[in-house]
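Look at the two complexes coming up: chain A is in both, with chain B in one and chain C in the other.
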Partner chain A sequence: MKNILFRVKDMNKSFGITRANHNVSMEIRKGEVHGLIGENGSGKSTLISMISGMAEKDSGEMFIGDTPYEPSSPVTALESRIGTVVQELGLVDGLSVAANIFLGRMDRFKKLNIIDNGALYNEVESIYKKWNLPRINPRILAGSLTVEQKKIVELTRALSIDPELLILDEITAALSYNTRKILFDIMDKLKASNKSILIVTHDLEELLHLSDEITILRDGKKVTTKRVEDLTESSLKQLMVGRDIEGDYYRADSTDDFSSEVVLKLNNISDGENFTDVTLELHKGEIVGLCGLSDAGIHEVAEAVFGVRPLVAGDITLTKGNRKIHTDSMAMAYGMGYVPKDRDRQALMVSDSIENNVALSMLDELKGPFGFISPAKITGVGKKVIKDYKVVAIDEKVALASLSGGNRQKVNLGRWLLQHKDILILDSPTRGVDVGVKAYIYDIMKQLKKKGVSILLISDELPEVIGLSDTVYVFKNSKIEKKFRRSEGLTEEKIIEVML
Partner chain B sequence: MTNKKNSISKIEKGQSSDSLLFGRIGLAIILIVPYIVLNTITDGKILTVNNLSSVFTSSVTSMFMSWCFCFLFTTGITDLSVGAILILAGNVGGVFAVNLNLGTFGLLLGSILVSVLLLLLNTVVRSFTKIPSWIFGLGAAMVYEAIGMYYGSYMISRGRQVVSLGNVARQIGRTPWNLLIVLLGFIAAYLLFNKTSVGYNIRALGSNRRVAEMMGVDVQKTMTYSAILGGIFLGVAAAVNESYSSRVMPTTGLTSVALIFTALAGFLLASSLGKYINLTLAIIIGIFVITSLFNVLTILGVPSGTWQQTVMGLAVVLSGIASQRKYKGVVK
Partner chain C sequence: MTKRKINLEYVLPFGFLIILFIVFSILNGASFFRMYNIRTIVDSMIPLCIGGYGMLFVIAQGSIDMSAGSNLAFSATLGAVLAAKHGSLVILVICILIGAGVGFINGILVSKFKVSSIMATLAQLIILRSLVVILSKGSVIFVSPSILKMNRWGSKGLIFVIATIVAIYLFEYTKLGFSARSIGENEIVCNYVGLKTRRIKTIAYVVAGAFTGLAAVLTISRIGGVDPNMGQSFELQVMLAVFVGGVPVNGGSKSSIVKIIIGALLFSILQSGLVLSNANSETVELIQGLMLIIMVALILKANKMSTVKTSKE
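The block that comes next holds the complex of A and B.
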């Protein structure tokens, strides 16, 4: 027990008839990284919610060392020096970065009952410095930050307590290559000072690389805990899903293969802020991958191509009919679909039903004989997305909020696939989804390519970009730095060299 | 190395002090130029000490109501009964001042007491019944208007009218005392809204209730504080209104809801200015601008009925549109 920093014993939690955690026990050793993995809906986030005080357990025990631990709120967890960065919580947009970091714990900055903002900002600066975090202006409102910046703020909040246990739930998926490196350095620092980390990530390679020990959950139950030396990627996949998953996620071919017909042209486009002079062509049946460091402009290019980000120079042309894209409604009308990076904020109405989310992008096609939207047709497309894309849901009427991240993404993607679009813009399509859904999405992309659909793939995951793209554009300082053709010799190292 | 610097500088990016300064200068020009133009059009009738003093005096009640909204509406609650509370609280304050011989102290005490109690009552009932705040607010407004009318009818049945201050407690509605009251009100609102844990928690709740809760903000406690603080500012607004008018007649048929529109338009306008100046200070400017608008219309001879109401409606809508441009920039 001496070596154990934290343990949970026989933890149970149910939501209605669903048993999210069923007698889960786990021990985290001092000075180690403990990985937690399982498919979407396996109970990882529930377990983390209970540890971090965001959800009450139904039964079970938790201990810090030998001391019983019963967090009544996230603040009591922080007081016990357990810092958490969760996948989907977010920040209070209307408050400053500094206020978000210390919200609920502002009393320490009081002088005569008045908050000393100078002291608050200084404290935030000292945390950045201590952990070598990228500096985000502590005075700026959180609502003006990017997804990555928000994650950094959440991480700063977790680190502000000098944590004994740092819990990272799917944080790396939101971070660019360079910020990930900073995070890994922080993890090393914590380990060196005998602190522990509990990490959840769907990136198996990353998990095996970072962890010392891994606990696998399936259907709310613990499958096993193993030392990382005893695991491989394929054994981990097998333990997670309970069946063999075919070894090759990505394309088997090693050369580019697409039609010579150009379907989309980006001609010297600039938005005046995030990207400049971007020129590229997308061919029929081609997958074009865009990658780069944080703020290289790749995600903004995706927005511009779909017409939701205005350009200050250049134009975007669909060669079929020589049509210029200026708005999203034009993009949709001319056969384009877009899956944005921030699924829950930019793409989905999470409190609404599956069928309404699907219907929204295709209302014109759902009109009855008198021009009114047909409820039967809405239900029809909802059912079809569930059936065709294997969405795990009771029916098409349930709210998206009740679905796991992977199933939400299937709905998000499925609604475009249902409309047989010619061009798809997929920004981080596998962000926050498990290995099973990931394999499924890759499989769909491969099938679409065969059918002649053109895909613009934007991703922070280099293996994904290399594994699927015919052509890779590497962005640096808001511009295209280099173009690579698909080949056996294309490696992550070569791309990173250009990115840096 | 250069690239890393480049990348990090992008992460650091925020509103620079230069752009903030230019924004403030631009804002000052946008606010001042129309006054100069209108002053010219009206042969110098706008920018006179007497006229500006009159506009300011007419603005004070709305300024305090708007500060009340800072604490109440910011939490995501749209309580439309504040107009009815304003009338009722002013009358009770008047009774404290005149009938109990407590003068200005009684006027403030009675008004604040009633406002705090009624806003607290609204908060408790809303949290138990889970009724949307605007629906509950309309119902509560009818009830509070009716209570005022019962009081009015009772007084009439005894051959009298609702309380009139006469010469008692009239200072706080007039210059220069109202200047002092606004100054004190601003200092209190600024400190409470921006520099206390309660202020942070109120803003957090309004911005993202779930996240705020998860970050340790006690929702019930914060809602209670927002009702108390909002009630105090609303109470002062009621006292100033009573002091300025001497007698405030109870109304029915939800006409009290219209009382909040100047304050609401000013609050929304102030929210849009919040990018450049602090909301609590922007409220003073916003309310003054909206009140000036009516002053100008009156000077230009625009009828006080339909046309001025149309302008008020437009002002609320335009201020609402402007206030949607938020979450950019730094905290002032």
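The block that comes next holds the complex of A and C.
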């Protein structure tokens, strides 16, 4: 038992009739990275929220070394030196970065009952320095940060206590390539000083690469814990899902293959801030992949193409009907579907029903005479998305909040597919979804390509871009740095070399 | 077939309505059911409903219109100045247009200049009221007596029914209504799905203004002229009815016209019932205020219970 840093024993937690955790036990060794994996809804986040003091357990025991551990709130977890970065964003938008980092622990900066901001900011700066984190101004409000910056702030908070155990729930998906590297360095540093890390990620390759030991959950129960040497990507998939998943995730062909007909043309577009002089063509049946570091501007290009971000120069032409999406026109693009990057903030009304979320994207199509939108039609499209895209939900009237991330994404994608759009802009379509849904989304993309649909794929996951695209544009410093065509020899290393 | 859960936020106000009805019919006996009392109830309910229909388009998208009362007085006054000698139909049209015009200005302030809706309409509340006093020189303006005909049951009832049908159609069954509710759910999402949210917000204020203009006409027809003090705190009464009826304070897809009718009815029955029971006006307001607090708290609680039941992981 000496080399065990933390363990949980027979943890149980139910939400109504759902048993989110059913007698889960797990041991985390000192100086190791412990991976936790399972499909969406398998109970990973539940387990983590009990460990980090955010949720109360129904029954079970937890120990730090041999001492029983009973966190009553996230602050007591921090006091026990367990630092957590949660999957959902856990910052107060209206407070400064520094206040968020020391939320609930500000007493130490009090002088005569007043917070000494200078000392607070200094402390934050010294944490950045200590862990070599990218500096985020501690004075600014958390609400003005990007998703990635928010994650870094949460990481700073978790590191501010010099954690014995650092818990990272789905953090890498929100990080760009360069920030990931910094994180991996931090993990190595912690390991070297005999601290431990519990990591949750859907990226199997990354998990196998980072972890020393992996625990697999399925339907709230532990399947097994194995040393990483005894696991492969495919055996891991099998253990997670409980059945064999077909080997082919990505496209089988290794050459580009599409019609010469141009459907969308970006001509020297700039938004004056995030990207400049971007010129590219999208052909019928082509998948174009965009990749780059976090500040390279690829996500903003997607917004501009759909018309939600104004341009200061250049133009975007849709060949069909020769429609121009004008410089400051924020108009909805004709014949395009758009899956934005931040699913729960930009794409879906989380507290509204499935059918309303589907209908929202096709109000003009649902209109009858005199602009009448019949509730029966709304229900109809809701039902159709659930049925056609295998959404797991009681019915089309339930709120999206009750669906798992993967099922939300199916609704998000399904509502555009239902309209048979010719062009789809997919920004990080598999972000935060499990292998099963991921394979399903890739499969749909391959089918769409065959039907002649053109796809603009923006992603931080290089294997995904390489595995699916006909043409890859690599962005660097707001510009297209290099264009690659699909080929046998196109590897992650080649792209990374251009990105950095 | 799936069984739907009973929707508490509909049931609560409706249950309250039935309880009030029973309580007052016991307390006041036959006088509660006299034609005179029923007329009083309907009389006070109609302007609340009409003001509420307009307000709902604004509230559904998470904004507010504080200027309704002043807009009512302004539309009535300017309408009377412009068309005092004309027939009632001309006044009707003119008042609705003026109301819609004011709504348009509100809408532009909120959607284009990004002034928060409470600030913009609060300023309008003061501005419009002072314009009313300037226009009317502080005294009552009389209009052509033919307007009084509109206060008859037949025409008033007809106006109410048409207004209700139009409101239900626009709010429940068109892109405008759907978008307004969706903006209340999440405005960013609406932008990202390609909706012209700025335009929709402006139109919602125009609709709100038009309904206020209609309420102005009905008020003129009741008193036969325009009093510079008319419509004082009209917006507050309308909001009370809207929220007592169960419309969420932040708007969203749970907003509906039916809730306003129930809220307005609740409010009016409470008022007339209390007056019949010899309560003074301070007591009436006290009880109305308490009812709002209780109803909003109960609905919040009910919603929380149902979300806990459906949430997973």
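Keep in mind that, in the parts below, the second predicted complex is superposed on the first by the 487 of 500 C-alpha atoms of A that agree within 3 Å, B and C clash if a C-alpha of one lies under 4 Å from a C-alpha of the other, contacts with A are read in each partner's own complex, and residues count from 1 in each chain.
Definition applied: contacts are C-beta pairs under 8 Å (C-beta built on N, C-alpha and C of every residue); 3 or more make two chains touch, one makes a residue touch a chain.
Because the structure is a prediction, the values reported are computed rather than measured.
Chemist: Overlaying on chain A: chain B and chain C, fit or clash?
Modeler: Clash: chain B and chain C overlap once superposed on chain A.
Chemist: Check the residue A:135 against both partner chains and state whether it touches chain B (first), chain C (second), both, or neither.
Modeler: first
Chemist: Which partner does A:103 contact after superposing on A: first (chain B), second (chain C), both, neither?
Modeler: first
Chemist: Output check: A:143 vs chain B and chain C. Expected answer is one of first, second, both, neither. What do you get?
Modeler: In the superposition, A:143 contacts chain B only.
Chemist: Does chain B (first) or chain C (second) touch A:54, or do both, or does neither?
Modeler: First partner only, chain B.
Chemist: Is A:310 in contact with chain B, with chain C, with both, or with neither (first, second, both, neither)?
Modeler: In the superposition, A:310 touches no partner, neither chain B nor chain C.
Chemist: Thinking of the overlay built on chain A, is A:65 touched by chain B (first), by chain C (second), by both, or by neither?
Modeler: neither
Chemist: Which chain A residues are contacted by chain C in one complex and by chain B in the other?
Modeler: Common to the two interfaces on chain A: nothing.
Chemist: What residues of chain A sit close enough to touch chain B in their complex?
Modeler: Touch residues, chain A against chain B: 54, 73-75, 78, 89-96, 99-100, 103-107, 110, 113-115, 117, 134-137, 139-144, 148-149, 152, 178, 293-295, 476-477, 500.
Chemist: In the complex formed with chain A, which residues of chain C make contact?
Modeler: These residues of chain C touch chain A: 2, 4, 169, 172-176, 178-179, 181-182, 185-186, 188-196, 252-253, 307, 309-313.
Chemist: If you look only at chain A, which of its residues touch chain C in the complex?
Modeler: It is residues 15-16, 18, 20, 41, 43, 45-46, 306-308, 330-333, 338, 340, 345-353, 356, 359-361, 363-364, 367, 371-375, 394-395, 397-399, 401-402, 404 of chain A that touch chain C.
Chemist: Can you list the chain B residues touching chain A in their complex?
Modeler: Contacts found on chain B: 3-4, 6-8, 10-15, 191, 194-197, 200-201, 203-204, 206-208, 210-212, 214-217, 326-331.
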